[in-house]
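Once you scroll down, you'll see the structures, which are given as structure tokens.
Note that subunit A is present in both complexes that follow, paired respectively with subunit B and with subunit C.
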Partner chain A sequence: MTATLTEPPVSPAAPPKGRNRILPSPVTGQELVLIGVIAVIWVGLALATPAFLTAGSVRPLLVATAPIALIGVGMTIIIITGGIDVSVGGAIMVCSVITAKALVAEVSLAPAVLLSVAVGGVLGLLNGVLIAYGRVHAIIITFGTANLFLFLGLQIFDSSTVNGIPQTFEFFGRGAAGQTLGVPNAFLITAVVTGVAWWYLRHTAGGRHFYAVGGDAHAARLAGVRVQRRQLLAYLVTGLLVGLASCFVIAQGTSTLDQSVGSGKELAVIAAVVIGGTSIMGGRGSVLGTFLGALLVQSVTSGVTQLGWKSQLADLFVGIFIIIAVGTDLLRQGSAGPGRAAGRVRRSLGTLTGRARRPS
Partner chain B sequence: MRPARKLSALVALGAAAAIALTGCTKKNEADTGAAAGGAGASTSATTYKVAFVPKLQGVPYFEAMNAGGEKAAAALGNVEWLYQGPTQADAAAQADIVRSYIQQKVDTLIVAPNDPDSMAPLLQQAKAAGIHVATADTDAPNSVREAFVNQATADGIGQALTDSLLTAMGGSGKYAIVSCGQTAENLNSWIAVQKSYTASKYPNAQIVDVVYAGEDQAKATQMATDLMNAHPDLTGLVGECTSSAPGVAQAVQDANKVGKVFTVGLGTPQSMKPYLDNGSSTAAILWDVENLGYLTAWTGAQLAEGKPFAATNDVSPDLSAVAYDAGTKTLLLGPPLAITKDNVDKFNY
Partner chain C sequence: MTAPTATPPAAAARAENGGPGESTGSRIVRALLTQRIALLAVLIVVVVVWFFVLDAGGYLTAAYDFDYMSSALITAVPLAMLGLAELLVILSGRGGIDLSVGAIVSLAGMVFGFAYGEWGWPLLPAILLTAAFGALCGALNGFLVAYLGFPALIATLATFYGFKSLAIVINNQSPISTPPIQNLFSITRSVQLPLFGQYVPDVPLGLFTFLLPTVLVVWLLLARTTYGRRLYAVGTNDVAGRWAGIPVRGTRFKAYLYAGLISGLVAVVTVAQFASARPDAGVSGNGMALPAITIAVLGGVAITGGIGRVAGVVLATLLIVWLNAGILLAFVGNEGSQYQLLALGAVLIFAALLNGLTTRRYGGSR
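This part shows the complex of A and B:
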């Protein structure tokens, strides 16, 4: 059986119904709820402060959402495989300080972006290799690398800030140069990456394998999924996205980069993923939800400021969202009852059958 | 097996949060070794070890203080200047460093506390171990510290910020403050002065909001943008610390409101230079940070030698009349400094 699965035969006879059954619906209930909550918040803010729904307010909000949502795409894939990455804050620091120094040395836009993405990729690859082949839980590994990255970042900062960063990255920034047809480029890029990842995770065999790894790695391995390769890929993709997001971070900052860059961002990204409905246990989740989660968090933060409320209320609301999101996820798992494990195996196998039917 | 797996995932999530919250205490171990190693190297009978623990190290502000302290140590000749701080403004990490200096039995321990209240018992512990204790940059008023090296009075800074901003705003209008840590005692004392001074001296001006961005530049910039949107008639912004001062100026620049919305802030000269040059920042209010470090080291030596402070002290050619207030045991560096595009190039930090 394994043999037939590892070499997927093209079987046009397979009924398309079967595919529909194993694919989750395009938009989950949690995502609909998130869209509803965001809509309510935006309408409420528009009524309370007339300036909220103006381009001058929404555009910066979308720009601020972009880095978290972009890294969130990678983090979602990692969490779907049952892993986690708490090193993204440190990775942002390393990517931004190297890239900022390159910008000061008058490196132009495209090479600087490539440099940042390459650095991020190397860091992600390190995480991926250690986790996929080290057989140690991802949280331990990434906690270790988080500290390594911070050490590395601080060494490169060399007890100083990076001053006089030129406007090379204004393409990703808040200003007029950072827009295409009035939409911020950083947000457009994030939306496109999210869309591609959504399609890939949902409609390709390779994408479904991430779910199989998180659903039950053992069953997935028996069924012929290259579990370690999938895990490695998840951390590598996250690293590459951290590299790109670091360019957004530089563009959103000032002409000075200090060592607080990236600090706490791992929690912000994980919060967006969890609020977006991705199960922290792995096996289930969507990048669309993460995108909405990041947008919700930033809307609440901006809304609290624009309403003139106390800044710490934003933390309170985000905390409540996380607890509600995780709570509903646990309830959903609990309601599956004792048949849950069997259901998971079935799901994994169904996933694989899906792969067999759809050659990639 | 299944429940165990679920449990481990939950434990992992909890650990993630714990790590993220406490991770900062671990970060600077690599740096600690080097500094501590150099510390015990040379101790003769006449050399006093003066240790300064900044809120965080590696930022230009405290590095400039360190440079001043080193200058003082070289000039005084009988001081070994030790400098070690956490890599993030974290009270627990700072406490670890203070404890290590207590164990090393330095002669004078000077701290710029992240959290004055939690630092007080540690200073007590240091004093009990026979170490002279003082504070610099940020005070711990309810502690046993023997002196506080004050860069400027809260009145001086609050009034200088308000005067600079309202001169640019034409003496009236609405403005908002983007502050950083909500519990930072010095920032809060300056904000209190800004509020009362604005109310009494500029009756036609109004502070519409005070928001807190932490030490996050991008967040400070976003909050400043949100404030401009929420108050379309806003004509002024104050960045209360070194990360929000360039942040508010960047927000004004991004929103194309240079000349319509004016900003001032507590910013270090080099980080403010581009914004002072393009007009998005009117002035940075600061003090000569190197001189503050110099005075800090000098104070440490005085305490170690057991010399009392005079009402005015001749510290160095630059600091020929440093006032000492015996009631509050405070040494005052002098009036704050307004850094504008005209004098910004005089400072290399």
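This part shows the complex of A and C:
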């Protein structure tokens, strides 16, 4: 399998008049804007509450960002392939309750992490198999598995909380044991995973295949991409990352784990991915944007609390940020053509003919 | 690797007409797979008979009889209404979906709480205000999706966050449960039907005041008006619709607006059921949007748009409601509510896989 095979499906993501350039630029405009917005928020918060830009305040922010950003890496890959996964909240619950029970049974750090990752992998595999080989729309299957995972998690919880979780996971936590050179380990791991995924998606044939599947699955298949295997892989990777992120979630919590763990996280992750500029239609996006999106959401959330506003207002800002991020993206796409309306008609024509060519 | 939905034209035609050599058995199988209404009807009978047998065998904690089934119908009211709301938006095509219905229920419920519970409005204007407010929320979704071209999933995810946040902040996180709101609980009571009421179980009043009118109006809208035909056309192929002179954007916009309107009515029902306007009514736990989408999909609504019927959504609601009611009796304590999650998830995956199979073998269900 050579990289040249995948180039045509990749082209929608590439600038139309690039100088022989196939890849999009390393950092997109939206990501630069995100960095700017985060900087503005941080400076604004620092001016409003002098305590904000201290290590004691930034570190918890970074630790809290880690799980969402980590799962966001997998979710970005899924959304690039044109899918979606709304079951990660339930998967977090299953992974963390099993791992927490293992910790209570005095399993040490490495086996516990492996257990969590393995459980996450199995759940991701289930999603992947059903979606890739059952040929059903991803959102429907993952709504279904979300319910199954919640059932599984609640059954393992057995109608009570998990108490007395030892400090095994302090390596991932907020405390001094969870830092390397002053930076929280959970955040470092997330940054490394994001970096590796960024390089893989951008510079390897396998990575470009994900974009090819999302751009036009039929064209990708004709070009020799194993579409179903790519889809399966995307959900499997997300499952594994959910397993790792569950360890971070346990480490951030107290010695008690209750049944609300993971609730609503699926939408938070999707929000981070979307704010990061990944197209929900598939075929376009980057994990760097998702990372910044997660950081932005968490900055807003802790900013709202630090300013002494009602913490639920943070959700309103998240909603507004989604509208702004996607809205500017739509505007930019629209203004690329001769007229916005014309551009939209051409795009819908493109999807129409793309669909019509598929045997159905 | 084969193409996903390749059905040879000849095979499709044979399946369509039921070839001469087709046995009765395979004809029944085909009818069940292609006629979602028939499948749901059979499943409802199976579920009800199964629980009757369990009840007769003494495996249930309380009697599963017609009275119980009838009283369980009150939970069908919000579920079926939101399922119909999802039917409208999913029908409109281009990935149409509304994640924000639960958040609209919360926010519109608070508006109803203020109007009826705090400002002392009479009931009818308060309900109208709530419905209008829901329609306004839906119009925001519709504007983003139909006129600005947002993907529906994104637009309604954003408004979900917005409405949810506003609903909680608007009254400082606290519910409104003044005496008028508490007395509203009476509209969820069961009543005896006139004329032949003594022969059948009492039926929850909400069924007549909210659910049946909504079902009727949505059915009339979809099956008996120009708008309905336009909505199906736009959902099936919006470019073809545009060239046929259909106002595509306006049609799609109205689908979201109507979904918001129905969510506003559900808000009134929910406030009455809880006897309190709770700021998290529509989003707590699993929320209301996910079960509503599940109901719509189970009822045979194609997520790609343009296919779906009111009867399918209503029957799917009955199936889930009576299944859930039975499960509650089959387990002790809150085990039952957990097994309801299992049942919902399993039924949804089963229905989705079945849709895929039907598409491949018979060229789609209707």
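One rule holds in what follows: the second predicted complex is superposed on the first by the 311 of 360 C-alpha atoms of A that agree within 3 Å, B and C clash if a C-alpha of one lies under 4 Å from a C-alpha of the other, contacts with A are read in each partner's own complex, and residues count from 1 in each chain.
The rule we apply is simple: a residue touches a chain if its C-beta (ideal position, glycine included) is under 8 Å from a C-beta of that chain, and two chains touch if they have at least 3 such contacts.
Values in this document were obtained by computation on a predicted structure and should not be read as measured data.
Overlap between subunit B and subunit C is detected when the two structures are superposed via subunit A.
In the superposition on chain A, A:T145 contacts subunit C only, with no contact to subunit B. In the overlay built on the shared chain, the residue A:V136 is in contact with subunit C alone; subunit B does not reach it. In the overlay built on the shared chain, the residue A:M281 is in contact with subunit B and with subunit C. When the shared chain is aligned, no partner comes close enough to touch A:F291: not subunit B, not subunit C.
In the superposition on chain A, contact is made by A:L154 with both subunit B and subunit C. When the shared chain is aligned, subunit C comes close enough to touch A:V318, but subunit B does not.
Contact with subunit B, but none with subunit C, is seen for A:S255 once the two complexes are overlaid on the shared chain. By the touch criterion defined above, A:G327 lies against subunit C but remains apart from subunit B after alignment on the C-alpha atoms of chain A. Touch criterion met: A:R174 reaches subunit B, while subunit C stays clear of it. Residues 84, 86, 137, 139, 143, 146-147, 150-151, 154, 159, 263, 267, 270, 280-281, 312 of subunit A touch subunit B in one complex and subunit C in the other. Residues 2, 5-6, 8-10, 12-13, 15-17, 19-20, 23, 26-27, 30-31, 56-60, 63, 87-88, 182, 208-209, 211-213, 215-218, 221-223, 225-230, 232, 242-243, 246-247, 249-251, 253-256, 268, 270-271, 273-275 of subunit B are the ones that touch subunit A when the two sit in their complex.
Residues of subunit A touching subunit C in their complex: 84, 86, 130, 134-137, 139-141, 143-148, 150-151, 154-155, 159, 221, 226-228, 263, 267, 270-271, 274, 280-281, 310, 312-316, 318-320, 322-323, 326-327, 330, 334, 344-345, 348-349, 352, 358-360. Interface residues of subunit C facing subunit A in the complex, by the touch rule stated above, are 1, 3-6, 97, 99, 144, 148-151, 153-155, 157-162, 164-166, 168-169, 172-173, 237-239, 242, 285-286, 290, 293-294, 297, 303-304, 333-335, 338-339, 341-342, 344-346, 348-349, 352-353, 355-356, 360. Touching subunit B in their complex are the following residues of subunit A: 49, 51-52, 54, 56-57, 60-61, 64, 82, 84, 86, 89, 137-139, 143, 146-147, 150-151, 154, 157, 159-161, 163-164, 173-176, 249, 252-261, 263-264, 266-267, 270, 280-282, 301-302, 305-308, 311-312, 333, 340-341.
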